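The letters A, B, C, D, E and F name the chains in turn, as written, and every chain counts its residues from 1.
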Amino acid sequence: MPLIEVKLYEKRVTPETRGQLIERLTDAAAEVLGDEVREHTWVVLHPVPETHWGIAGKPGGD
Amino acid sequence: MPLIEVKLYEKRVTPETRGQLIERLTDAAAEVLGDEVREHTWVVLHPVPETHWGIAGKPGGD
Amino acid sequence: MPLIEVKLYEKRVTPETRGQLIERLTDAAAEVLGDEVREHTWVVLHPVPETHWGIAGKPGGD
Amino acid sequence: MPLIEVKLYEKRVTPETRGQLIERLTDAAAEVLGDEVREHTWVVLHPVPETHWGIAGKPGGD
Amino acid sequence: MPLIEVKLYEKRVTPETRGQLIERLTDAAAEVLGDEVREHTWVVLHPVPETHWGIAGKPGGD
Amino acid sequence: MPLIEVKLYEKRVTPETRGQLIERLTDAAAEVLGDEVREHTWVVLHPVPETHWGIAGKPGGD
């Protein structure tokens, strides 16, 4: 605890951004909740194709 | 807001059904909650292989 | 299958909208995927306080 | 109901473990909640690459 | 890893069933994936009112 | 996009930590993915009672 899950466009997930997101989101949680949570923080990334993500009724990437 | 997430068999997700699901689910939310939510409605589709979806202890597609 | 989960502001969830959302979202899925899915469609509503939902870094309801 | 969702490293998901997880997790729910839930229990497996799963700020598999 | 999340009717979640579900679902995962996962298995229970869970277009508990 | 969901112990969610988590997690995403995502970043907090969160087969708070 805590469990941080991130859904984002798959084009945004690269070897660089993966590691940085995991690190910075963990840092953010530890800053707010106390450093004792750091060891127990899970971050799970879920890439989603733009075509599978609709905003205001329209799929992205079309 | 609102956020609508749909998990469904991967075989059901085609270029046609993707767009239609995003549109119709957004329409349904706007009809019930008021059209002002339309712009802020997200629909995220999560295709799942039948083999990864168990019902009554049995995986699909086996 | 399918599984439709909806997160929305708790103030939007009333005895009326609950039933309507469940019905209309199920209709929308059945229209697109075929009426044979209707019996097997789950809709789960998750009300969220505005204060627990941040957009662009700001929580709602503050 | 109930709905059991499992996120796990994709390397752990094989044709054998898929079926066993679905069966054993359904058994566990039925043992605790009563066998009448068995028919209505869904288990959905979500394999995740280790590189997309961070623990204590570090992604797995790096 | 693994992360097991369970959504179930609120009335099914009691001090007894909570502990039993957490224990048995963890056992099931460890039996299938190997006992080394036991220490790292999370089970999170999400009780849902029947009125917020629709099946085949009808909410429960009405 | 992106959508950041956080599950954490209920006791960790206070009027202070809510706002800070939403702000810092949004900052972290914007730093990594580019500031253009800030406006479109959602952070949704899900407090969970310790008794509903099992680690290694044991529920918290017992």
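Operating definition for what follows: a residue touches a chain if its C-beta (ideal position, glycine included) is under 8 Å from a C-beta of that chain, and two chains touch if they have at least 3 such contacts.
Just so you know, these numbers come straight off a predicted model, no measurement behind them.
**Q** Give me the step distance from chain B to chain D, shortest route via touching chains only.
**A** Shortest path length, in steps: 1.
**Q** Is the contact between chain A and chain B built from the same residue numbers on each copy (over half shared) or from different ones (under half shared)?
**A** Different residues, largely: of all residue numbers at this interface, under half are found in both copies.
**Q** With chain centres taken as the means of their Cα atoms, state the distance from chain A to chain F in Å.
**A** Spacing between the chain centres: roughly 11 Å.
**Q** If you average the CA atoms of chain C and of chain D, how many Å lie between those two points?
**A** The separation of the two C-alpha centroids amounts to 24 Å.
**Q** Would you kindly tell me how far, in whole Å, the mean C-alpha position of chain F lies from that of chain E?
**A** So the centroids are 21 Å from each other.
**Q** For chain B, which residues are shared contacts with two or more other chains?
**A** 3, 7, 21, 25, 27, 42, 44, 48, 53, 55
**Q** What pattern do the touching chains form: line, ring, star, complete or other?
**A** Drawn as a graph, the chains match no named shape, so other.
**Q** Between which chains is there touch?
**A** Every touching chain pair, ordered by label, is A-B, A-D, A-E, A-F, B-C, B-D, B-F, C-D, C-E, C-F, D-E, E-F.
**Q** Give the list of chain A residues in touch with chain B in this complex.
**A** So the residues of chain A in touch with chain B come to 7, 48, 51-59, 62.
**Q** Taking the complex as given, what residues does chain A use to touch chain F?
**A** Those residues of chain A that touch chain F are 1-9, 12, 17, 20-21, 24-25, 27-29, 31-33, 37, 48, 53, 55, 60.
**Q** Help me check something: in the complex, which residues belonging to chain D touch chain C?
**A** So the residues of chain D touching chain C come out as 3, 42, 44.
**Q** Could you pull out which chain B residues touch chain A in their complex?
**A** My answer: residues 13, 15, 18-19, 21-23, 25-27, 38-47.
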